[in-house]
Each structure stands twice: as structure tokens, then as C-alpha cells.
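So, here come the structures, one by one.
Look at the two complexes coming up: subunit A is in both, with subunit B in one and subunit C in the other.
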Partner chain A sequence: MAADLETRLRLARPADGEPTAEATARALRAFSRRRRGRGRSAVAWVTRTPRGRLLGVAVLLAAGGTGVAATLLPGGGGRATPVSRGAITAEWGPAFAVAPVFPRGQIPKPVAGMDPSGAVLVAWSRGRRIEVRRRPPDGPWGPTTRLSGIGVGTARPEVAFADGGRAAVVVWRERMGGRVIRRVLRLPDGSVAGVIQRRVGTRYVVVARRWSATGGWGPRVQVSPDSSGNRRDMSDLAVLGRPNGAFLIAWPHAGRIQTRTLRADGGLGDPQEVTPPRAGEVSEPVLADRGGTPLVVFAHRERPVWSHDGAVMASAADGPGWEPPVRLGTGLALNERPVVAARGSRILVAWTSRSTGTPMGIVVSEHAGGTWSPQVRISSPRREAYSPGAGFDRAGTAVASWSVGAATQVSTRAPGGAWTAPAGVSRAGLTGAYSPEANPVASTGDGDLVLALGTRGGLRVADWRGGRLGGPVTAAGSTGWQFGYSGIAAAPTGSAALLMTTFSEDGAGISVTIREPAGLGRDKEAG
Partner chain B sequence: MTTPRRSLLCIATLALAGVAGCGGTDAPAQQATPSAWRTPELQPPTTPPAAARIAGLPGGRVVAVWATRPGGTPSRLLSAIREADGTWGAPRQVAPREPVPRTGVRVTANRRGQAIASWALWDRPSGAVFAFTQTATMAADGTWGPTQTLSRGTNGLAETGVAHLDDGTAMVVWSGSERRDGSYHPGSKAALRVRGRWQAGRVIGDGQRYQLAAAAVPSTRSIVTTWERFDGNTKRRLMSQTWRSRGGWTPPRAVSGPSDRPQEMTTAANPAGWIIAAWGGGGRGLHIAHRSPTGGWGTPRTLLSSGYLQGLTASLGDDGTAVITATIWRGATRPVRLEAWTVTANGAPSRTVLSRTRIGTGPGNRPSLPSYSSAVNLTAGGGAAVAWAGPTQPQDRSTPVITVTPLDGSAPTTVPTTGDGVVGAIRLTGTRDGAELLEWEVQVLTGNRTETYRASRP
Partner chain C sequence: MTMWVMAGTRSMLWCVYEPVDMTARTTEQLVTAATGGDRTAREELFRRFWPVAWRRAFTVVGVRAAADDIAQDALITGIDRLGDLEHPERFAGWLDRVVVNRCVDWLRRESRLVGLDTQRAETVDWTGGAAADRDLRRAVAGLDPDRRVVVALRYWLDLTPTEIAEVLGVPVGTVNSRLARALSDLRVTLGAADGG
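Right, the complex of A and B next:
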């Protein structure tokens, strides 16, 4: 029993403050005991159950998180396959486990992308290696492919498509070198007090592998020109599909955002940098396409501590380089990533702000007509809001969603109009404990939006079409608990994919549920 | 054996946040014209940081010990000796580089010029679950001996305490949860080094406390430890127990009152064997107790009958004169005060209000306590001064000046800080020839680094 207790204590704090397997199990047990049917509406549920609000805030503090739109959007320069619009009425298929259950203590942090034809690419880091799995539009899922070498120590990957889905890329940070220090500690009587073993002197680099429909996976390419010994560098990556099958990759390094183009032939362009006007730490880059010009949005804070709110900066490409960054607003909470939506030359950036003199809320800034608008708070000034999502529909209406404790709310702004009052659309907040930065508003690429909404124990999805939000449908009955959202992607075909991190007593896993036009092979996944 | 005259005993501390109290007097009006501070100078990176722990050596020298871990590299434990003229020597390695951090560094020295350091070595690079108590001894020539591990994995270990007698007898104390009887129990432990050999740690109390301490009493060749007895949230008491070279351990005794329920506690000791303990908080004010080298613990005294505390520090001079500093507040609408008390073993306490301010507004419109950094310097002649900076609100970007306030009523002086950053730890010390040295750290906002500055005056 003592050994068990010691083991539990020693395993109690995995790196980076991730919840332990025990904490996950406890939450699962508590969740399974919770009774359903308590709420009447989103707001009523919050009002009657203050614990729900506390739970939401706790999850937010533990996980944080907003989203990356660009990486989940279809790549630039592609041509959508014409498909009957009626296909969007297709139902969501069963959840498919794309990866086996992870060992206890390992938390998958998957990412997914969908190309214009509806093909899905899922990537994750497992046991210090990067693995991917692809599903063509007509299914079924292909085999798992390991992209990284053995024992290189990888972090969470990012994926993107280009050339209409005929090219894809997976980028990740890889560990290089270092040595292991092993120290045996002995008590005065000579007995062993403990052993400390750690790797030191490690360097990090950004690497990528291209995929093409004709050639499959290409060789590993080191994208970053320099390595870094700072673990915070290159921990957040962004990638954007560009015309002619190229990809633009961005990462933070030594207080600057570095970018580089991975060309279709596998070659690399010259590295470029975005340098903030004041020194500090940059993080959370997001890439978007603003009318054919790349745009990078990132966080900048002078000190990486809780009391120093981050500024949201944006810089547009200027020829081969970047323009001086523009400060969009402040208050970005630590470890939160802004959400970016793009349509033509319009850009909408939303983030979780906590320094507006009110409870944490959702703040947006919009780029239209060549200028950025001042930051505006669109969530209630009286309630804590988190997990923003953003998108544009074909009429140019900006759609933003966020969570308030135990509800998901939506606000819209028609061109030339003002933001509408928040409306509750779901009975639970949408929180992704392990992939918190996945934008819950996915663009189909042709003007429709698909919104992921939270439920208590599962996930719901609603379509935004013709300026209206359709009725939410349950896409996943249960992810183990309500915090399993990991991403959503959509395509002009009407296909959409919902990425989930699942939890069970045995461990965590990765599942994807897909909605696609009828007859495109969903039946192949049964069983 | 001679007893060198020490010009100072200083404990530099970082005092965080504080708020309003009642009564008391503001800093006395100007009575004398102090000499001016020289222009602050940026110190090279090899200089001990202001947060380094220091101990006085014979001849007016000082030894500093500190841990470093720049940029995720292996942690280093370094020491440096400051000569009597105030110049720091080159750093020396105290213990091998380790891939994990060290915290809770303490150092003390005996009258032979030997020093002993203790610290907690984490079991992982961040968020330690277990830590190991370690110690090393410095010979009179400045060389450090091998590192000795004293504890098996201790959960919650963050601080250590150490005491050193002239004959080499030493004690290291720590607290945390260790495995005992098939489970983990919070407690405080002490390990003794007698005749050159370290003994296994011994449980001295069932409480767990960060501010535990050990103090050597040369006149009786004994070592006194203090810790917190913890019988539940409402039954916390500061305890003390003595180990004598002849006779072993005495039974523990309570130092704090039965109803004090302290939230903040601190202790300080000097080489002569004086100990000062201060505790309070939780709205129950501030209390102290003195222990003389020969007379044992005195009756606890109350400095404040009510109020909340933060950043409680205690410093002791050679003659047992103590200076207590704390940030005091009594509610969101009352001013916050940084205060200092000068306390002798038997005389009436003297109180000085160093600064007062309002509670600020932090993120989310929530009340936010301002923070102060402070350090105390006590001279052999009985003089005392407090160097302090603040108040600093969480969103502040810089601290404009450091104020040095003598506690004898002399006029305060100010030293402008340099650079775009907030003042962190401060160290105020004196040299044998009577000069004062003010060293401080600036957490530079542009570049996320720390710089050390130094100013002096004759």
C-alpha cells in the first residue's frame, strides 16, 4: 500500500501541469454520478447551479484556451469539388477511434484538418513521436503513419492543406541533442535516498513533412534555420496553405515571430521575422489569408507571468518580409491563443481578455477597409466568458461564439451593423482541456459555418447557413466528460469532422466523427 | 579565540503586499543630514544577487550563497565572499550542477569562519512533488566540502534551516511529508552532525511549516529549532525544542499563545544565540517572543492586537535588538502600511510607519494589494535602517526609487532606481568601516531578465 501511495504521489504532477490520470478518473467518476435534466435553458442552468459556473471557471483556469482558425480552414489556392448542397443534411456518423488508448499519464493533443474535398488529416504526438492518419472523402481511414524519427522528443503538431487538398503538411517541434544527468542521492548511512535523472542542453528545431496525393509523405525537412535552447520557443506553431502547393510556417523564437515558406518542391524560402516594437515574449502565432496576403496574429507580453496581460499583435506580409506589427488590443490572458477568421480582405480576431475592468470576456478587433477597428468587448460585462470562436459567412456577417460558465453564446455583426446581443445556443460551455486553442467555428470555405457547441458530456454541432443558425444536433453522445472538444473542420462539400479527446478509466484516446454527403462511404466505418 | 566585532547582521527579504493598519506614527521628521548615496552601478552577472542568503564571517567578511538556473540550464549553487572593504570575490561552486532546481537555500557561519549551507533539491525541473534536503560545509579557507543528502523524498519540502556551532556541530531542519508507518505524514525533521558525522533525520514535530529555523547558541553549546505544530486549521502554534551537546533533546515547548492561530511566522537568530520569533496574521495582529542565549524564551508580547499581515520579516542585531517589518491592512477601505518595529529584549517596542497607500485595483476590478520590497540593516552600535521600495501594483512597470529610512528618527534618503523594471529583492548591509551598501535586483520588463545594482555611501 505504501508503494502504491508513493507511486501515486510521484506520478501526481506530470510535466506542464497537466491533470493527472487520477484527477481525470476522479472527474469521470464525479461526472458519472451527476444527475441530468437539471437545466431549463443555458442561463437558467447557470443561475440555479452556481457550481456549474465555478466548474467552468476552474476548467478555464486549468486549461485556458481559444482557437486557431487558420490551421483548420481549407488551404488557400485550392478548388472545391462541386457537391450537391443537399448533402449538408447528412447525419453525423459514429465516433471512430483513430488512435489506440494512450498509456496512463499521456494526454493526446491532436489536431485535424479537412481539405476542400472533405478528406481529413489527423495528427498527434504520442510517446515522443508524431503520428498521422488520413481519411479520404469516401473513407475508410488509412493506416497510422509515424512521421518523426525515434526518440527525438516531439511536441504537438499542426497540419494544413494546400493546392485544393492535393498537398498537406505536418509541422512539429523536435528535440535535438542534450545529455542526461543522472545523480544517485545517498543518505548518511549510505542507503539510496533517490535518483534524479534529467536531460539537459537540449536544443529545439521546427521540422515538417509534406504529403502529396501523388508522392505520399516526403522527407523530413528542418524548417527553422536556428535551434533554440529555450523550451518556450517553437512550442506554438502555425501553418498556412499557400498557392502552388507551398506552405507558410510560423513559430516564436527569441522574442520574435519567425516565418519560412516550404515550397512545393520541398525547398525552403528565406527566413523572415516579425519583431515587436518592445522586447518581450511572443507566443501563440496564428496565420490567416487576408485577400491573398498572409497575416500573422500573435500574442506579445513583456513578462510571461499571470499579472502581465498580453497584447494581441498582427502583421501582414510585405513582399518577402513582414510589415511592422500593429497592436490590436490588450488583455490577452496567459497561455490563451487568439482566434482568427478570414474572408477576402476582412479579418476578425477574437480573444479572451481579462483586463477590461470587468470579468474575463471576449474581445474582438476587425480589419476592414485597410484599418483595424478598436477592440470591442462583445460578451456580457458581468459574466466570465472564454473559448471564443470566430467566422465569416458568405454575406460578410461576422459570427462569434464563446462560453459563459455552462452555456455557449453567439453574437453576430452584419456588414455595417453592430454586434447583436449575445444569445444562448447550448446548455453547456465548450471547453477543450487538452486542445483548447481549436476554433469552435469552422468555415466550409464557401460561406457557411459549422459551430461546435458544448453539452454536458458530449458535443453538439450547429450549422450557420443563410444568416441563420440551425438547430444543434448531437454529434458525440459522450466524450467521457464535457472537456473533450479538440477541434472542428468543414469543407464546401458539406462534410465536417469533429475531433475529440476521449477519456475513460483506461486512459485517453482520440476519436473523430464525420458528417459527409450521403453515399460517401460512412458505412465503411461501421464496426 | 577572539570574537571579531561585526559591523552588521543583515537579512535581506522580499516583502510582498500589505495593507492598512491603525494608529502608529509616521516616519519621524528630519533630524540630521545623512550623507548622499553614490550613483548606482550595474553589477556584473557574477555578483551575488540581492536575494542571495548571507552570513557574517570573522573580520567583517560576508559569505553569500545562491542558486541559479538561467535559461533552463542545469542549476548551479554558488557562493562568494565579500571582503571587509565591500568587494565581492569570484563565485565558487558549492555543489555540483544538477538538472533540477534548488530552493530554500540557507547559510550560516560560526565564529571560526566555517559556514554551512542547506537547500532543497527538487525531483523534477518544475512543480516538484518530492525534494531532497542537502547540505555542504565551507572550510575557513572558503572551499566547500562534499554535498550530503539528508532526506529521502519529501513531499512539500520548500524551505530549510541550518545552525552551526563553533566545534562543527551542525543541525539542518526541514519539513514536509515523508513516508512513515506505511503512509505519508507531515512533520518537521532535524538532522545533526556530531563529531563530523551526519546522523539520520529525527522527527521533531508533527507540523509542517515553511518558516522553520534552527539557531546555534554558542554559550550553552546548544541548538534551538522552531517549527509549527499543526493540529488542524484552528490549532497552530509555534513550537521550540533545544538540542544540547550534553543531554540531547529537551521536551518541546510552545512559544506562541494558544489562541494566536498564526497565519504568518518568521524567526531570526544571530551568532550569539539570540532568537526572535514573530507571528500573527489572520486578523489577529502581530506578536513576538525573544529568546536570550542564557535565559531562554521570554513572555510573548503583542505589537499589534489586530490586523492582517503580509511579508513578515525579522532581523536581529548582535545585542539581540530585533527589527520586525510587515505590510499591515485591516480591510479594503483602510490604508495599507509598511511598518517596522524595533524591539529589544526588555524595552518597549518602537514603531515606524514607512509607507502608507490605498489598496489598488487589479485585473477584473478586484482589490489588489500593493507590494513592497524591503531589507533591514542592524549595526553593532544599535542603529537600524530599513531600505524599501514600493508600493508596486501588479500592473506597475517600474519602481522609481528605493528609500532608506533610519529607525532612529534620522531623515530618510532615496536612491533612484535605474532601468525599466520593478525592484525585486533588496539587500542593505554595512562594512566594517561604517559604510553602507545597498544592493537590489531589477526585474527588467524589456527582455525578461534580472539585473543587480549597487549603491554605497560612506
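Right, the complex of A and C next:
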């Protein structure tokens, strides 16, 4: 009996957890302050146990920090002339700080996209402002442009390109109205312990600003037809560039996914909705192009949002509206976004699932020949896997990657074949990646892939060409902190961009390092 | 050049294998430099051992928010007190001890709090395993803090009773008696849950 219980205890060993990026950043800040001989701030000493979380959150709110979703959208189909792959330099340029250091308490979660010519657009939220910076393919970086108006709260920008890079859009959620009820908490000696504040009467809307190569930034456009008082609504945005220069924008609202097209002429199409068959909460939409037809993949939860029973749903456009969504699988955890890869009419969706055996693993579902395959677990059932990536190469081989501990593994499926056994490709995983929902596999648009790999000392990138994965190359020797990855993008020119969030004693920052074909203007940014 | 090294030194499963840049300094070198006031070394130590300390804490207390606090506090305290460490090569084990003792303190504090419910809910964030495993982990979470810690160290972090005694600073006999009582408590709890 004793032996039985001891064996059961060993088998019941909890799955390895990982500290969140936010906890890590908090710890580093606290450590840095301590080292400089300063007292710990309220954020540092407020306990983050469940009982103390309210105060901690209140203090963070008081600090004015705003979180924004981090997703990096690869560029659309290319009109630029692809260079021969032999001309791609293996070297990455120096990390370029695109934004000044953010004040303490603000952790930027930037997003970036690369158009087919290799131009890069980075957007972020600083305080209440949406700011962007653009870099043409031959550099250097342009000035920082503020897109949002004065006096409005903003968060969660997303970017996309259309019309071969001649058009771009930045969408974000904007907060309107409301008032703040503030309560100051004091210690017995009268000093301020913290501030609890709550905003009431707030409404949220989705807005966008469109950029064109000829006209620059256009006016602010309210995309969502209605405002919402529920802060979970419109909290996760998605945008997809269309070949005709239009943009399709999606957001969750009242248990449904709403979409609307921002046309090339700046006008708006009719709002459309994707309604799950059963009531619940939807979140984390991702848009993809399935052979010219827009596809939206999203999470749907019938149970309370803190459960791990989220279903992954997909719906394709059906004329002006959307088809009834198809349930691809289950087990999606709170606030985790599936990753989606597209090539022609084939779609690969990958996500971290908690419901396909334990520990959690990587599950995929593939659309080919007009049907979705049943969900398949492709990571080992013995190890906890996370941070999925997905892509298709030029031969139509599906490539999925994920992190296991401090390693990256890859599995592939050739057309008509089965998924290969997981193979380790690097000793570097995206452990505790700063933006785990950003697909760490980016397509160049012409059949090659680039994979982002994290290391303790920096970030590495490996190229998938000709059906093989090359050796990882260090793209950023040091991010200032190991959890600096925020996204990766690539273009058919051979250019690629790695987006990083850096942490230092002074605060957080945003850096981009770029690899581009020989002869383009990286040297313009030296110094 | 990179290779895999063990971050701990006591037993295979207690160790964490990490890719290490061979051009980087060893833990011993970092500790020596940090003790001498090298700020870069102190930061590198913090980075290197933050995830290790966090996983230890999470395995023992089972609450992510508490693991955040414990790991942060243990690392800051540990690195601030490097001067007390006579043998730099023993930093990892020394830090383990700090983490585990912080966990014990936290569990004792929590056990003194009385919930509003008539029956205290054992809320933990541990995941993985079948339903029976979750029931067993819930039963472990309901143990007396001293017994719960030795169960976690013995069966989930694979320390021997001698190693547990060293970490907790108690005699080996105490560890064995706590283990025996913990197993007894678990049998009672699981038996009741099974309707037995």
C-alpha cells in the first residue's frame, strides 16, 4: 500500500510551469532597484498572492500602464522582385532601438509587419498614445508618428500591409468617456500605500488609420459600428491585408466575432458577424487568406474564461457573410492565440492544448481538399510543449515548431504523408517568450520560412529552405533580458525582421534587427 | 560554443540542464565576481537562476503568484547575502535552501489564515496528470505545511531524505517521520474521498 501511494505521488508530479514574462520583468525591476540602493516601490512590495492581487493591479493601473496585444503579421503576397537565395546575407544588422525607453510600469508589447519589398512598420502603445515607425527597404528608419488623438486611451495595435506594400493599416482599440473613481490607501503612519482606482462608464471602439505610399497617413476611422462597455470586447484585434488594397478587420464583441472591411478608398463595408453555435465567450481572432477567401480562426469558451476548455473555431467567408464556424479542437488555454499558416487553399492551425492528455502539448488541424482534419497532437505526450509555430514551405510541406523546456522541436508533414516524429533543432527554445502568441515561424511569401529561437544570451533565427532547416544564426546577441522575443517577419526579397522587447535598469524598450539582401542600406543605420 | 551543464549538483532529477555559452562565466566565477561587487555578474546570476528558483517554488507551493513572490524574494536576498557564502560552487544548493525555506514560511502563513468558507479550499495552479492525479495533488495541498513540503521535495523534486534534511535544516529522522505522517494523512484523505 505504501509503495502504491508513493508511486502514485511520483506519477502525480505537477507539470513544469514557467514564470510569466510579466513576473520576470517585475522581478528584474525589483532586483535592479535593490541593486541601486533604492527602496522597493509599491509594485515590488505588494504581495501578488490572490489576496493581494487587487491592490497590485490597482497600483499598476495607477501607474498608467496599458497592455497591448503582441502579434506580428507577416507581409502579404509579394510584388517585389525576389532575389536569389544565395544573395541573402547570413548576417543580421545591429539591433536598432525604434522607441525611447519606456517609463517604469510600462511594458510595451509592440507589433510589426514587413511588406513584400522588405519595408518594416512597427506600432506600439506608449501610455495612451499609439505610435508607429516605418523603415523603407533601403533604410533608414523614419521618424516616430503618433496616430491616436489626444486625451483618449488606446491599446492593442495591430498592423498589416496590402496591395503589395503600397498600403498599410494600424488598428487599435480606443477608450471613450468614463470617469475614474479613486481611493487612496494609507499606512498607519499616514504614508500612501497605494491607490485603488476604477473606471466606470467607459465605452470601447475599434479604430484604424490607413497609410498609402502616395498619401501618407489617412484620417482616423471608427471601424466598429457600435461601442461596447465590456472591456473584454475588442480586446483582441486581427487585421488581414487584401490584394485589392482593402483590409479585413476582426474583433470579439458580445460572444461573437465581428468583422468589417476598410476599403481601398477609405470607406467601410457592411459589418459582418461570425456567431458560434452555442453561447459563450470568443477571443483571440486570427485572420488568414485561404486561396483568396478570408478565414477567421478564434477561441470560443462556453465555460468560465479561466477554464482550459476553450475550443478552436474556424469560419470562412461566404460571399458577403461568414459560414457557420467549424470546431477544430479543444483545450486552448485562457489568453492563448492559435497560430495559423496559409498556402493556397491549405491552412494549418496549431495551438497549445490542455485537453489532449497531459502535460499540455501542441495540437494541429489542417484544412485541405475542402475539409478540416481532426485535431492531432504532434508533440510528445511526455513533455510539456508550448509556443507553437506554423508554416508551409514551397513544396507544400507543413512545418510546425514548438518549445520544450529550453529546446525547440520541429515536426513536418509532406503532402499526403503523416507528421514526422518531433526532432530537436536547437538547444534554444522560446522559454518564457515575451509574446508567446506571436507565430515564431514567418513565411517569406515565396516558400521559405524563418524560425525564431530564443536563448539565454539573445535571439537566434534559423532558415527553412529547400525542405531543410539551416543552423541557427544569432540575430541579437543580447536583448538585455532573455524574454525579449516579440515577433518575426520576412519578405520574398530575403529580408527578415526580428522584433524584440528589451529590459534594462531604466525601463523597457523596443528594438528591431534586420537581415536584408546584400547591397541594401543597413549601413545607413550604423551608429 | 554551447554545451549542456547541470545547474544543480545533488541528484539527477533535482538538476536542471541548461544550454550554456562556453564563453560565458561559470556560476562559481559569477558568484566570486558578484561578491566582489561586479554588477554585471549579479545581474547574470539573477537571470540564470530566476527560472530555476521559480520552478522550485511553484512545485512546492503550487500557486503561481506565490512562486513569483518567493523566487523574487529568495533571489534578491540570496544575491544580497553572497558574502555569507563560503564556497561559491555551492551557490545553487544554497539558493535552493533559501527558496524552500521561503516556501515553508509562505505555507505556514497561509495555513494560519482562516477562509470564509467552512471548509478551506485548497486552491493550487498545478496542472498535468489525470483526474486521480489532481485529487492526489489536492490532498497534498491540504497537508500540514511541514509535511506538504517534504512530500513535494521527496516525490516531485526527487530529493533523498538526507538531502531534504540538509535543505530544511532538520535531522533525517524528522524528515522520515514527517514523510510517514504525510503518507498516513494522505491515505486517510484519499480513503474518505473514495468513500472508504
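Going forward, the second predicted complex is superposed on the first by the 422 of 527 C-alpha atoms of A that agree within 3 Å, B and C clash if a C-alpha of one lies under 4 Å from a C-alpha of the other, contacts with A are read in each partner's own complex, and residues count from 1 in each chain.
Operating definition for what follows: a residue touches a chain if its C-beta (ideal position, glycine included) is under 8 Å from a C-beta of that chain, and two chains touch if they have at least 3 such contacts.
Only a predicted model underlies this, so the values are computations on that prediction, with no experimental measurement involved.
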item	value
Which superposed partner A:Gln258 touches (first subunit B, second subunit C, both, neither)	neither
Partner chain(s) touched by A:Arg186 [first = subunit B, second = subunit C, both, neither]	first
Which superposed partner A:Arg278 touches (first subunit B, second subunit C, both, neither)	first
Which of subunit B and subunit C A:Ile196 touches, first, second, both or neither	first
Which of subunit B and subunit C A:Met360 touches, first, second, both or neither	both
Common interface positions of subunit A, toward subunit B and toward subunit C	1-2, 5-6, 9-10, 12-13, 15-17, 354, 358-360
Of subunit A, residues touching subunit B in the complex	1-2, 5-6, 9-10, 12-13, 15-17, 181, 183, 185-189, 193-194, 196-201, 229-231, 255, 278-281, 302-304, 307, 309, 354-355, 357-360
Residue ranges of subunit A touching subunit C (in the complex, touch as defined)	1-2, 5-6, 8-20, 23-24, 26-28, 30-32, 34-35, 47-50, 52-53, 354, 358-360, 384, 406, 427-428, 431-432, 455-457, 481-482
Contact set on subunit B toward subunit A in their complex	71-74, 96-100, 121, 123-130, 132, 134, 148-153, 155, 179, 182-184, 191, 197-200, 361-365, 394-395, 443, 445-448
Contact set on subunit C toward subunit A in their complex	2, 4, 17-21, 24, 39, 42-43, 46-48, 50-51, 54-55, 58-59, 62-69, 71-72, 75-76, 79-80, 123, 125-130, 132-134, 136-137, 140, 151, 155-156, 183, 186-187, 190
